[in-house]
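Common to both upcoming complexes is chain A, partnered first by chain B, then by chain C.
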Partner chain A sequence: MPGHDAPTDGLLVVVDSPVHRLPAQTKVVAVVAVVAVVVLTPRGAWWVLAAQGALVALTATVARLPVRLVLRRLLVEAPFVVFAVLMPFVAEGPRVQVGPFSLSHAGLIGGGTVLVKATIGVLAAVVLAATTGPRELLAGLERLRLPAVLVAILSFMLRYVGVIADELHRVRVAREARGGGQGDRAGLAAVAGGVGTRFVRTYERGERVQQAMLARGYTGRMPALGRGGATTAQWALALVLPTAALMVLLVGLAMTVPR
Partner chain B sequence: MPSDLPGGSPGAAVPNGAAGDRGGAPDVGSPPALDVRALGFAYPDGRTALRDVSLRVEPGERVALLGPNGAGKTTLALHLDGILTPAHGEVRVGELTVERSTLAEVRRRVQLVFQDPDDQLFSPTVRDDVAFGPANLGLRGAELAERVLEALDAVGMAEHADRVPYHLSFGQRRRVAIATVLAMRPDVLVLDEPTSNLDPAGRRELGEILDSLGAALVIATHDLPFALQLCPRSVVLDDGAVVADGPTADLLADADLMSAHRLELPYGFDPRSVPPARDPRVGRP
Partner chain C sequence: MHVPDGFLDVPTSIATGAIAVGAVGVALRRAEREIAETGPALPGLTAAFVFAAQMVNFPVGAGTSGHLLGGALAAVLVGPWTGMLVLTAVLLVQGLLFADGGLTALGTNVVNMAVVGVLVGYLVARLVLRWLPRRARSVVPAGAIGAFVSVPAAAMSFTVLYAIGGAVDIPLPRLAGAMLGWHLVIGVGEAAITAAVLSAVVATRPDLIYLARHLPAEARAGEPAVAPGPTVKVRTGARPLAIGSVVTLVVAGGLSLFASADPDGLEYVGEAMGFGTAARDSAAATSPLADYALSGVADPWLSGSAAGVIGVLVTVALGLAAAALVVRLRGRRVRPEPSGVG
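Here is the complex of A and B:
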């Protein structure tokens, strides 16, 4: 895993790796499958979860993602951490004394499990986003038969989110340049007004975009983004991760159940 | 902005400018590329946008559509492609009357370049956007890829095919917007304020690209030197009506006509001091 920062384009880390080369649809299915297996893992099955986490981390290594970048992106998980930390305090059942705090035993195990599972899930999503360009992701979802309308909506969002963010930024700069409030309640009111204007402007842009689409022969069907399906070998490679995670889970269950 | 434009010759082969190459019609006596007859239109709010507009554009001809803001230039442009439907009169494209049954063919022959490239470029990548039109025509695979590359080559943007439109400069986005319509191989290109927001170099590059095309051009603009550079003929539109139609150099030199319709030349610019655009290859600095 290279320590220095690799070039990025949005969330995509621009390096070449076997994970990058996999078609997006195989990676989407693999991530969903891994998350499902991790969710199915019983709470408190620490070494099973540890092995599953190691498998996902190994995938990040194969994808040649910089460690620091991955750790930084894991921070989106922060709200879950708060929830997990609260659980031992609020859960019922026998208590254990940790320092000055009386904590619920079940809450400790539950909170810890939530934390570990969420971390593995976020890590898998980070790997997906860092190895798949947004356009490829759309093409993958299209191949997975996501309804065309949803693909089109996501595609327009992808295209225009930057344009609209720029417009909002210009409005804010113009407001602050004229002494408009920032951060306080007056600022909030101004932002609300700005959002209203922005909505109307964006609606008008939508009409113009539709005219531009009609002018180029749009008849209600978006042309396909995808280039060809994934091969069996690619599917097999992508499904190695969820399969391995499932094996770990099954072995873990087999070892605990008879006792 | 990179200025690695093709010198004109690679682009020249791209659009099939002659309208007569479809349907086997001979060039001699072929119908005009565009024929607008007594067109009238009012917006739903009752505002009259066009009154009795008539305009003929011959195959390969270049016409500037001049007029102040709100004169109806954009409304007229939207009629040429069948986006708006006339209240009175009709629009003919070659031998076709623009109506529901002919829209597909009309929109292949007549292509609009909108004022804001962000309206025109709505796909995730440059390549997807240029492919949108030809894909709607039914092109697929290698044929489609070839068409896309050809159009991007004509505007010098081939190496940016996989970039996101949002990451391009304004001038580059304008060029890609033109590529998206060139990919349809139109007979007529209608451009709405093509030079707005361009820096001088971007404006010059745009002029060179347009000059290299064989298609008929209708350029709605209030950039009068640009009109003089590219279009031998101009039509002045004001308050929804055609008020003048003639050689661009003559119209621009008519101070009374200009001032009556809020058209102004840039400070120090004398239209008689530059060669008029008789020959499409005339280039001004």
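Here is the complex of A and C:
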């Protein structure tokens, strides 16, 4: 069957860039580190956060990611924006009058900070997903000593999620072609029936895959996914981003604390 | 319910990360024998199933649709420990590839959804099962109640974590009330979907359900084992549940209507987000991409954040009323119903 791994190719932006060439494990560590630094930044340190956001955005540029694509993927965050907007209304502390609303000062600062931090986090994850294929990502996680069973589960998951999503889609098309399931009486039952049947098929497929693996000499250990490890230079390059973000934070702290 | 970065402070995130690592370690050890027996393919495919099922929009009436969170369902289907690994895998992929849930919040999300959600769902389902007739079909109401409880339980777990290390001071009783109230409503939808999926599985392969393995498959005289199309039974139970949840939703402000009323609309958003258009494979023009993209969009729209928002609007009283309604309706559903399918 062609297209097994097509869905995950859909997340990867297939261009060549220094970011794309970095081994996945260095990118995972770098992204987690930079997000951790951003989260560490005290609330209301606007220009520190702005500089950190600019650093991550710069990385996206170095990775040659189309701006519109990145912006569209940031929409994942959209519902959370509403939550952050609500914070000034419900938080405690002294109130400020903004137009007709009485808002919590702490809530305004806190909500804004949370919003900015979450946006930078989403941006960093978008860059990771757009520059790292799922197979590389798995190899990277394996190199980072994620338990082998979990890596195996993840690899089967990523391999088959497209197949299963495709099947569920076909079930939906078939149902709708027969006039079923648009929120009417039988809707929930019909959709759930399709999903339930899909679980049975999924399970049976899993049994077949296991049989096939045993027939081919599977002994309980998956072959290692990874190619070579990362070189020191690659680690250094990947860690430029979190280091820069940390520097910005330290400079920001040094400039504000003494006063 | 996917917590983003910056929502909890760093010490709390590190602590939840440590708890998550520990819990997943225990799950790995407990599930080891099962996985050695079945191989990693089965939990892997179950994870893919949960991931894909989260993208399916279930109509819950009035043009509104919801989607599955899947913790309790996975626990009932494949057992609590494997279920925990399955949900962890799903959260890992969502966080790393779909930016859904922050990376520093990964531990928090695993604790809330993969640990608390799965374990509470499973334990409640098992407890309820004890009170029900000893037959495979009993896992349907048991699983539904487990699913119903698992959602507010995960929300409470989040509230506790927020109380410890939240980024903004929100009055705790208000946060707890809002989270509990709204997630009771979401729990109703989760229960309806879980029950519907479970009853479809019970009708075809009850032996696959972990929680029902020790129960005799239902042997009703003169009725052959039903192949596909087992869904009619679902309707009578799920329909009032759906109505109840929709009424509550509308009262709560109808905000969820904008979330995912139209599957095609969501599909469109998925395309618009670029997940659907990037692939060049000939086969990629078809659905998997489009559907795949949904998870990135659909998931947060209904699960976490919208929930939090509307939660502020929903009172605990409203949630409790919904709960009472559910309990009453479920009492009605436990009675055997005539099956009209062939």
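Keep this in mind: the second predicted complex is superposed on the first by the 247 of 259 C-alpha atoms of A that agree within 3 Å, B and C clash if a C-alpha of one lies under 4 Å from a C-alpha of the other, contacts with A are read in each partner's own complex, and residues count from 1 in each chain.
Heads up, the rule we're going with is that a residue touches a chain if its C-beta (ideal position, glycine included) is under 8 Å from a C-beta of that chain, and two chains touch if they have at least 3 such contacts.
A quick note: this is a predicted structure, and the numbers were derived from the prediction, not measured.
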item	value
Touching partner for A:R135 - first (chain B), second (chain C), both, neither	first
A:L158 touches, of chain B and chain C: first, second, both or neither?	both
First, second, both or neither for A:V35, with chain B first and chain C second	second
First (chain B), second (chain C), both or neither touched by A:G179	neither
Partner chain(s) touched by A:G217 [first = chain B, second = chain C, both, neither]	first
Chain B versus chain C as contact partner of A:V122, first or second or both or neither	second
Contacts of A:V209 with chain B and chain C, given as first, second, both or neither	both
Chain B versus chain C, judged by how many residues of chain A each one touches	C
Partner chain in contact with A:V195 - chain B first, chain C second, else both or neither	second
Residues of chain A at both interfaces, chain B in one complex, chain C in the other	134, 155-156, 158-160, 162-163, 205, 209, 213-214, 218
Touching residues on chain C, where the partner in the complex is chain A	4-7, 9-10, 13, 24-25, 28, 31-32, 35-36, 38-49, 51-53, 55-65, 68, 77, 85-86, 88-90, 92-93, 95-100, 102-104, 167-171, 174-175, 192-193, 196-201, 203-205, 208, 228-232, 234-235, 238-239, 242, 259, 263, 269, 272-276, 278-279, 281-284, 286-293, 296-297, 300-301, 304-306, 308-309, 312
Contacting residues of chain B [partner chain A, same complex]	78, 81, 83, 104, 107-108, 111-112, 114, 116, 118-125, 128, 131-133, 135-137, 164-166, 180-181, 184
Touching residues on chain A, where the partner in the complex is chain C	1-3, 6-14, 28, 31-32, 35-36, 38-40, 43, 68-69, 72-73, 75-80, 82-83, 86-87, 89-93, 106-107, 110-111, 113-114, 116-118, 120-122, 124-126, 128-129, 134, 137, 147, 149-150, 152-166, 168-170, 172-173, 181-193, 195-200, 202-203, 205-207, 209-210, 213-214, 218, 220, 222
Footprint of chain B on chain A - complex, ascending	134-135, 138, 155-156, 158-160, 162-163, 205, 208-209, 211-219, 223, 225
